[in-house]
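Before anything else, here is the set of structures, which you'll find just below.
Shared chain: subunit A. Partners: subunit B in the first complex, subunit C in the second.
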Partner chain A sequence: MTEINKNPNLLEDALRNALRREDAPEGFALRVLARALPQASAAQEAQRASWLSIFSQPLLRWSAVAAVTICLVIGGIYYRNLQRQRAEGEAAKQQLMLALRIAGSKLQLAKEKVNEINTSRPEPQPQNRSPRSRS
Partner chain B sequence: MVFSIAHHFLTDAPSAEELAQDVFLQLHATLPTLKSEEHVKFWLRKVTAHRCIDYQRRRKLPQVSLDEAPEPMSPAQSSDPLVARRLQQFVASLPEKPRLIVILRYQEDMLPEDIATVLAMPVATVKSYLQRSLALLREKVTRTMGEVTI
Partner chain C sequence: MSTMTRKLVPLILLLAFPAILRAQELKLPPGVEKLASKAKETVEVNMDGPMLHWASKFLSAEDPEERKAAKLVANLKGIYVRSYEFSDEGAYSAADVEEVRAQFRSPGWSRVVGVRSERDGDNVDIFFKLENEKMAGIVIISAEAKELTFVNIVGPLEVDQLADLGGEFGIPKLKTRPQSSKPMAKADKGEQK
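Let's turn to the complex of A and B:
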């Protein structure tokens, strides 16, 4: 029989026995998960809110509104200019086509006239050669 | 491990569970920064140890001193669960840091060097706390339990 209060090793063994690991209560993991899930979604919400929180300051909010308005106005003007240029281009194209058609018909007319003149003119007769030129 | 350290330190199961849940929630947030299983184990012991001390200070849990611990009716055997229970009470009556060191030494079977790393204190201090705690516990066992035999 050995007394634990006199033998250091036995006291240490008794402490190991008294302080051996205990299992967590039943359902512990589920309770941790139940707490973790709302925290995870709250963290996501906070991250999203931190993005939007920059608009909580009036100066930044109005700056953002002004920037969006300016972008819309500039975009509108650019779009209208683009539309106008397209319309002008289309009109110029139509005019060019018309001009080409007119020019084509005029050319055809002129060609017909030239042909008509050529057919109505008599054939030129060949001339005699001089004797001087022969010697 | 986490619940067990907290339970032996706080001697209160609901408080130990609350603390353990807090530790695991913190682990959930910190996990990406931990590199290996050993690192996780080290981190859990360290955070649990510090949270135990913080929790005790915040809640001001009643601490029974060695002298106030009730005397047993008769000498008991060390294999007796009652002896283990009394030893747990004696450990719970130790001051914060020595108590944590004894729990890490005999529950987690950690070496004084490892305990010193976890608690960020010199190894000599850990050894000194351990020796004094063992002497105190031995004295208490002698005084309150008489001849405990195995």
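Let's turn to the complex of A and C:
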């Protein structure tokens, strides 16, 4: 029989001693990070390389360039047309407002003239004279 | 009806259709058309139905003035304006203006206002086109000493919209002159043709 079997408290003490909380040695965290970072960047680099490897073929590369160029040209033309349409619409709106302003001002002129004539006319003589004044 | 006639009728109608459409438009005599070269300032606005509707899409609903304009032009079929401003008096002929006026002394048109001012030479005529007792158009002919203006608005125009036309759009309502100054003008109001 061993010493531990003889005394169960010794086993407990041994376990407590083995599992006791102990601080990490100084610089441990930095060392872990220093090892982990190159591994992560290497994995990212490998992933990127797998994407870029698609463009390693000249046909695909030029197709991508052509697609991007076509998209840019179409987008540019569409934007320019939109701008032109907007400018033409604004010009048409200005024309419309000008036409309405002219029509409005001429209508006002006619109103003014009619009012001028009405106000300058002498008041009409009262028609219902009394029988006494008629004689 | 022969087959030939049946084929020709739609063709004739198709050819005549633009002429029917133009019938409501203001026809200016050549003498008036040439005035642009003499004028100090010329305004020419030709807006038919589709153009009006397209232009009205750009009117802002937030601007009260533009909102009124949009309401006003919603049912219109066209707006045609010619305005000539001259440096000197007597740049246009009265006969040319009379020729334009004569176009509207026809059935369907009523001259509602006709102002002849001998004092300042301002003559204004307003003609209404009535269809089924509703207004279907308005023509304004304003012949001033140094300015000649023709306005033709085609389409249904309500009276309240007409009032808006006279008092809005940034033009201040004009005030009548004091009663002391006696104008040498005569006006025909409500003359029915």
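Please note the rule applied: the second predicted complex is superposed on the first by the 74 of 135 C-alpha atoms of A that agree within 3 Å, B and C clash if a C-alpha of one lies under 4 Å from a C-alpha of the other, contacts with A are read in each partner's own complex, and residues count from 1 in each chain.
Just so it is clear, a residue touches a chain if its C-beta (ideal position, glycine included) is under 8 Å from a C-beta of that chain, and two chains touch if they have at least 3 such contacts.
Predicted, not measured: the structure shown is a model, and the values here were computed from it.
In the superposed model, A:31 makes contact with subunit B only, not with subunit C. Look at A:81: by the touch rule set out above, it reaches neither subunit B nor subunit C. Touch criterion met: A:113 reaches subunit C, while subunit B stays clear of it.
In the superposed pair of complexes, A:17 makes contact with subunit B only, with no contact to subunit C. After overlaying the two complexes on the shared chain, residue contacts for A:53 are found with neither subunit B nor subunit C. In the superposition on chain A, A:41 contacts neither subunit B nor subunit C.
Contact with subunit C, but none with subunit B, is seen for A:98 once the two complexes are overlaid on the shared chain. The part of subunit A that touches subunit C in the complex is made up of residues 86, 89-90, 92-93, 95-117, 119-120.
If you check the complex, the residues on subunit B that touch subunit A are 1-4, 7-8, 13, 17, 20-21, 24-25, 28, 78, 83-85, 87-88, 91, 102-103, 106-107, 109, 134, 137-138, 141-142, 145, 147-150. On the side of subunit C, the complex with subunit A involves touching residues 43, 45, 47, 51-52, 54-59, 66, 69, 72-73, 79, 81, 83, 113, 115, 117, 122, 124, 126, 140, 142, 144, 149, 151, 153, 162, 165-171, 173-177, 179, 181-183, 185-187, 189. The touching residues of subunit A, when paired with subunit B in their complex, are 1-5, 8, 10-12, 14-25, 28, 31-32, 35-36, 39-40.
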